[in-house]
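Look for chain A in each of the two complexes below; its partner is chain B in the first and chain C in the second.
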Partner chain A sequence: MKGKRLLLTVFCMLAVMLLTSCWNSRELNEMAIVTGMGIDKAPDKDEYRVTFQIVNPSSTATSMGASTGQPTITVYSATDRTLFGALRKTSKKAARQLFFAHTQLVVIGEDMARSGIDDIFDVFERSHELRLNATVLVSRGDDANSIMKILLPIESLPAMGLVKKVRNTAAIWGENRDITIFELINGITGEGEVVISGIRVIGDKEEGKKKANLEQTEVKAIPAISGLGVFKKGKLVTWLEGSEAKGVLWVQNKIDQTTVNIDTEGSEASVAVDINYSKTAINVELREGVPVFHVHIQEEGKISETRGFMDLSNGDEIAKLEEQLAKQTKEAAIRSIQAAQRLESDIFDFGNELKRLRPKEWEAVKEDWSSLFAQGKLDVRVEAHIRGTGMRLKPYLQNKDESN
Partner chain B sequence: MRKEVIGTNQLFAMIILFELGTAIVVPIGLESGHAVWLSILLALPGGVLLYLVYHDLSRQYPGLIISGYTRKILGRTIGWPLSLLYIPVFMFNGSRNLREAGDLLIAASYDRTPVFIINAIMVIAVMYILNKGLEVFARTAEIYLAVIFVLGFICSFVVIAAGLVDFKNLFPLHAADWRQAFRSAYPNIWIFPFGELVCITTVLPHLKESRLSGKTGVGAIVLSGILLCVTHAIEMSVLGEDVYHRATFPMYTTITLVNLANFIQRLDALVILTLIIGVFFKMTLYCYAAIAVTADLFKVQDTRKLAVPVGVVVLFSSFISAENYPRHMEEGGVFLRYILPVLCAVIPILLFIVHRIRKRFGLLR
Partner chain C sequence: MPGNQDPLLSAKLADNLQEIRDRLGNSPDLIIRKFELVTSLIEVAAIYINGLNDKDIVDEFITHIMAFDTLGGDGPQLNSVNGIYQFMKGKALSTGEEKVIRDWKELFAALLSGNTIVLVDGLAEAIGGNTSGGEVRAVTEASTQVAIRGSKESFTESIGTNLSLVRRRIKNANLWIETMKIGVVTQTDVAIMYMNGIAKESVIQKLKQKLQGIHIDAILESGYIEQLIEENKYSPFPTLYNTERPDSVAGNLMEGRIAIFVDGTPFVLIAPTTFFMFFHAVEDYYQRYDISTLIRLLRFMCLIISLFGPGLFVAALNFHQEMIPTPLLINLASQREGVPFPTFIEALLLEVTFEIIREAGIRMPSPIGQTVSIIGGLVLGQAAVQAGIVSPAMVIVVSLTGISSFATPAFNMALSVRILRFIIMFIAAFMGLYGMCVFSFILIAHLCSLSSLGIPYMSPMGPFIPQNQQDAVFRLPFQFMKNRPRLISQKKHNKRIR
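And then the complex of A and B:
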């Protein structure tokens, strides 16, 4: 009886040791939390140079007292043939093991992007720590390393700040979009090509590294989202800007909200229309071996500003503006498709769509799809609606013709 | 010893948890392209018919489990060795589930914990509950069914609410897709997970109201088939065909993509919990079936004594059977193609036919 009780006690003790299940435990103070990664080509070698932006926990604490005067982040980099090798090699420099579950941003250097990005994402899929919904950007005219070092005003963690920037502009301006690793992998494995938003440092990037830079109203270096990088066979070929970039997103059905300045009879781009709903349907078919791309855009918006007199209480005037809006949207869409056709880069997933809807026809054309894509005919239809004029109907400006 | 009795609700819960088990987390029907959800629906009627065969045999021989009526129908000389085959297969299948769970847990979060420790902890739980008996197991199943439903509801809700579902990945279905879906439905999905229910034949005699076993079982199978179909359709629609087929653990990848308002994210724990619960019930039922058949064939009075030996064999065969996960999957393919169909479908259907013939011609002793 006594022996049995003893045995039970021992068993319970052993069970207690197992039940804490801390075999895999890693304490918070043993981790270096990585918020962003920059991937560059190592100079003169076929290796990656990987830069990690790491949170400095003591200076991000919300209580003012704990502030140490250090910047909120620190940066380590390492070079290796594989990304995983580089991230483990960083242990030589870092006092804590890198922890990747909070990595929200991956910046790819322009050189890297031009020499090909197809093979870099495997580790993101395979690892359980790295997240597939991290945002990807291409550093424009610069290496990713220098982007990772720049401190931002307002946002204490620069990687998060950059992610917020791209999301912000994607949501209301619509020339760029937040593209995740997951989308890129799907783009690479699919039949089309990918686009990635660019980021460019405006100003002096050496100053941008310093904390002192933040102690002024206008910082000396500010990273800004700039352009949409078009890839072909995994290599960056060109940047699209302005309305061409917007047109790309329009055709891809990724416009959330955007603004279009439309022309009126008298003056150019003088009425601002705030588009707050947009939907695009695409369809692809083959006619005598040549693809025809049907793009159907529906958009709705309201008038936000007008620079001259216009009788906005008159439904016919609104109808004219709607027509003009549709025309300008159509032009932007066509320009962007033609730009992609010049590059022979199917960034609109037309190939995927053809494969999905008409797999047999796709089989016949898949070999030389990129040249067929370039010859493809366009059929763009736009339905534009203006639903409101804001808080006023007529503007306060008087109609010159009447006052005379 | 008192005969253990379970209720219809408990049987219902057991069947659903068993069906969902591993099938809900691992990619199934690998040959069916984006129409995997369709192949599950196509395999469902087959699964129901197969269950009706098991159900009918058990109704014809009340109180007997599969090894019992095999001997009655085919005679002792053929029936005994044939029933003996079920023991290693049940145990091996249980060990395969354990292996899958262990490997997925290591890949997904316990990267530095030895597989032995993870598997051993799960097997200890299984041995414990088998030692407590079928009634306890059935009651646990009833409780965990609710847990699984809640988890499943939360997971599907957040995935849909996060706007990740893209129906383009599911449609359209061309004639070739239907053919492919049908090919992967029969026999693959028909056998795994539906045919695996052959283990439930060891539980059916314990049902309090045995006349309800048909209705309950069919209900449970249809519901679990629909749940599987919806879950895999969601996974496929979120991940796309390519990622779905390359993923070892598509459900986990799906949930990691959720980011609802920058606030609801990293819900991986829910999926890990689903995996552990599902595998626990599936493995326990396999072990229970192995124990029941062993006890019946070798006339062991106290079945609980067999819990530890069966558990230990399952634990060790779980990692001896394959040196790595790809090998394990390869073995699974062979096992699913050549061995399981014989035991899950061919033998029961044969028994059913032989039984009918003997009854017809009055050859029943």
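And then the complex of A and C:
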């Protein structure tokens, strides 16, 4: 009796298993792993031209078998009215079904960015394969298609290499940031505007596609992260560079680590301070109908290099440097906010902050927030601390005043 | 059965001897030594089976019993059959166990378990003296449950030796032993041993009932008994623990468990058994608690690897590619490039190969066994990868699984895990992680439904017993291991540390 019941159970379980008939089972060698996607505007038509960067597994460096000599990636592109249509249309060219769960990078062509990006991300949210944590970049002065085709030295997969570049520079230089589709969608649906880092190819694009390009110490084409694209109503309006871009990230509280060359008496930008902690608090209030932006930056760093003599064992010297550091940080922050105000683009999410803190007041001003934002008053305070001077106090250079 | 039809011995010696010869089919190992008493000319015969006895003891027994004859007739009683018989009985006692035998069944039982039987002409009774001995294997080092630190003794095939090995470790009057014979034909000696006062009465009764309920021709190993008294015969999990280490038996007796000794095998059963016992080794208690705890955790990790390893790999590669980190996925994809089989077939192929190597190596003499594993493991594995039949990652997964399965201290548990691994692989190939989760639920529910002599198999986890957690997954320092297993030992003697 017990045995019969067991058999029946086993039978049912087997049936359940077999009836599923492994409907979504896919072998690794039957899929094309997409690591990067480029989205361009098709010329003359209201269509997308989508470029897929696909891994060529047999020629990645880790492969055991004989290398085929092909490049590590291959690129397909297709045009269609929808992104999904384009990616299915690629099947005409690709031998394997595209697999999107490992898409690390989405590059948007500059033309596309200038004509508006608000409507392209639906498929990323809707599809179970596409991921929202892919990094987004805007190809600067170029179409995304050509960025997708460039092979990188050291990094065998270019899409992943580019993502690493953004993360690397965002982590230690602080003029760009790694923005994901998820953050982008939040930015688009929120009250503020978005910024996206730019990428530009330096050198000869045609050479960059060839594997032979990699067989030299200095490659002929290298994509580099360049500038911070400022969007307004979903359209790219301008690029911010250098300290302005850094100021944006400072106000956005996205500085992880960065370097500031601060001025000293008599010489400009002669002390390098390595900022290793930075925190920004924002408060927005309305005073007589005009918004006031309170930005409070706290930063800590250590001195990494000095170009002249400086008695760093003296606390007063350090205090002076801290003051100067605070001043320069403040200037950068103010410059970046003013730049955004000129563009009437609230890339700092001040609007969201006001909405969160004072929802009633927000209701009154939300209609013409962008013009109010441009008139907003600034209250930037910076607390800077220098916590160390590295492995030594006084530089090896003699103090000229003393030696004389 | 012969012997049941005419239970009583005859009074004539010649008839008796003839009967014995007939029944044993004139077996050449039956030794009959006949004497004629000098004093009274009465015929006496000593019979025994060659090889079951210690020859010196037999000789001593016969010398003792005949002592009056050489001393010369002394007193009138020695001239009569009855007088001689009474004297012999008294003398026989001095050599050890002695019993009076009246019927054939008893005579053969005694004879075949190594007694020497003395028959006197004119008497329908016989005297049996225990002279058993003969060739037995010496107590050697344990071969299946090796411990770096701890006793080097292990059980032998002789039940008497085995009982004494435990007795030497627990010098307490409450160490009780009960014996019985099981096996209608083999009449195998079986003994149960427990600590009176610690082991639960109800459990002992239940075990005795089960043992008495066995009606099988032959008991050749404790495995027979294990399979016959198990409550969950269709479960893949073993519900009785076996060991060949006396210290393990002693430890388990002190926790209130019962040991079942079977003559002819060094493997002693222990009941009631819980799931966690299979992952404990005696050494856990001999080494410090910190390393023991970590090693136990490692064993559970190995259990999980050996159960789910290939299944998880197949599921991840076929259904959940998004779960694998990108660089790893691309690495795996490049390895799979050119492999002609689906992942599941590849896994199955390697797993079956591994099982073949294992089975082939186990029964070989050890020098050849090593060759098998070298050819099988190294040459075959390497060649299969280079030929592109299987991917290197799969070889890693299968080898890791194989090694992990050896980390379970109990061999029979490792065997069950082996079976389940294949089932899980099938399910993973059909239903992915979802199927594996469902199967794990079923498995855990099944484990919780098992019992061993009425004690829940998963205790102290299901049911959860807080005071017994010190010695299940973890092994806490001795000062915290105050209680004996609550469900197994008697409540009033629950304190281990006073």
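Note that in this section the second predicted complex is superposed on the first by the 381 of 404 C-alpha atoms of A that agree within 3 Å, B and C clash if a C-alpha of one lies under 4 Å from a C-alpha of the other, contacts with A are read in each partner's own complex, and residues count from 1 in each chain.
Simple rule for what comes next: contacts are C-beta pairs under 8 Å (C-beta built on N, C-alpha and C of every residue); 3 or more make two chains touch, one makes a residue touch a chain.
Quick caveat, the model's predicted, so the values are computed rather than measured.
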Touched partner set for A:101, first chain B, second chain C, both or neither:
both
On the A-aligned overlay, A:185 touches which partner chain: chain B = first, chain C = second, or both, or neither?
first
On chain A, which partner touches more residues: chain B or chain C?
C
Quick check for you: in the superposed arrangement, does A:24 touch first (chain B), second (chain C), both or neither?
both
Give one of first, second, both or neither to describe whether A:12 is in contact with chain B, with chain C, with both, or with none.
neither
So, does A:269 touch the first partner chain B, the second partner chain C, both, or neither?
neither
So, A:171: does it touch chain B (first), chain C (second), both, or neither?
neither
Partner chain(s) touched by A:319 [first = chain B, second = chain C, both, neither]
neither
With both complexes superposed on chain A, which partner does A:57 reach: first (chain B), second (chain C), both or neither?
second
Could you list which residues of chain A make contact with chain B in one structure and with chain C in the other?
18, 24, 101, 131
Which bits of chain A are touching chain B when the two form their complex?
18, 23-24, 101, 125, 128, 131-133, 182, 185-186, 189-190, 356-357, 359
Help me check something: in the complex, which residues belonging to chain A touch chain C?
2-3, 6, 17-18, 20-22, 24-29, 31, 33, 35, 55, 57-60, 62-65, 99, 101-102, 104, 129, 131, 157, 160
Counting only contacts in the complex, chain C reaches chain A at residues 234, 317-319, 321-322, 326-327, 329-339, 342-343, 385, 388, 392, 426-427, 429-432, 435
Residue ranges of chain B in contact with chain A within the complex:
107-114, 117, 121, 168, 172, 174, 176, 240, 242-243, 246, 252-253, 256-257, 259, 266
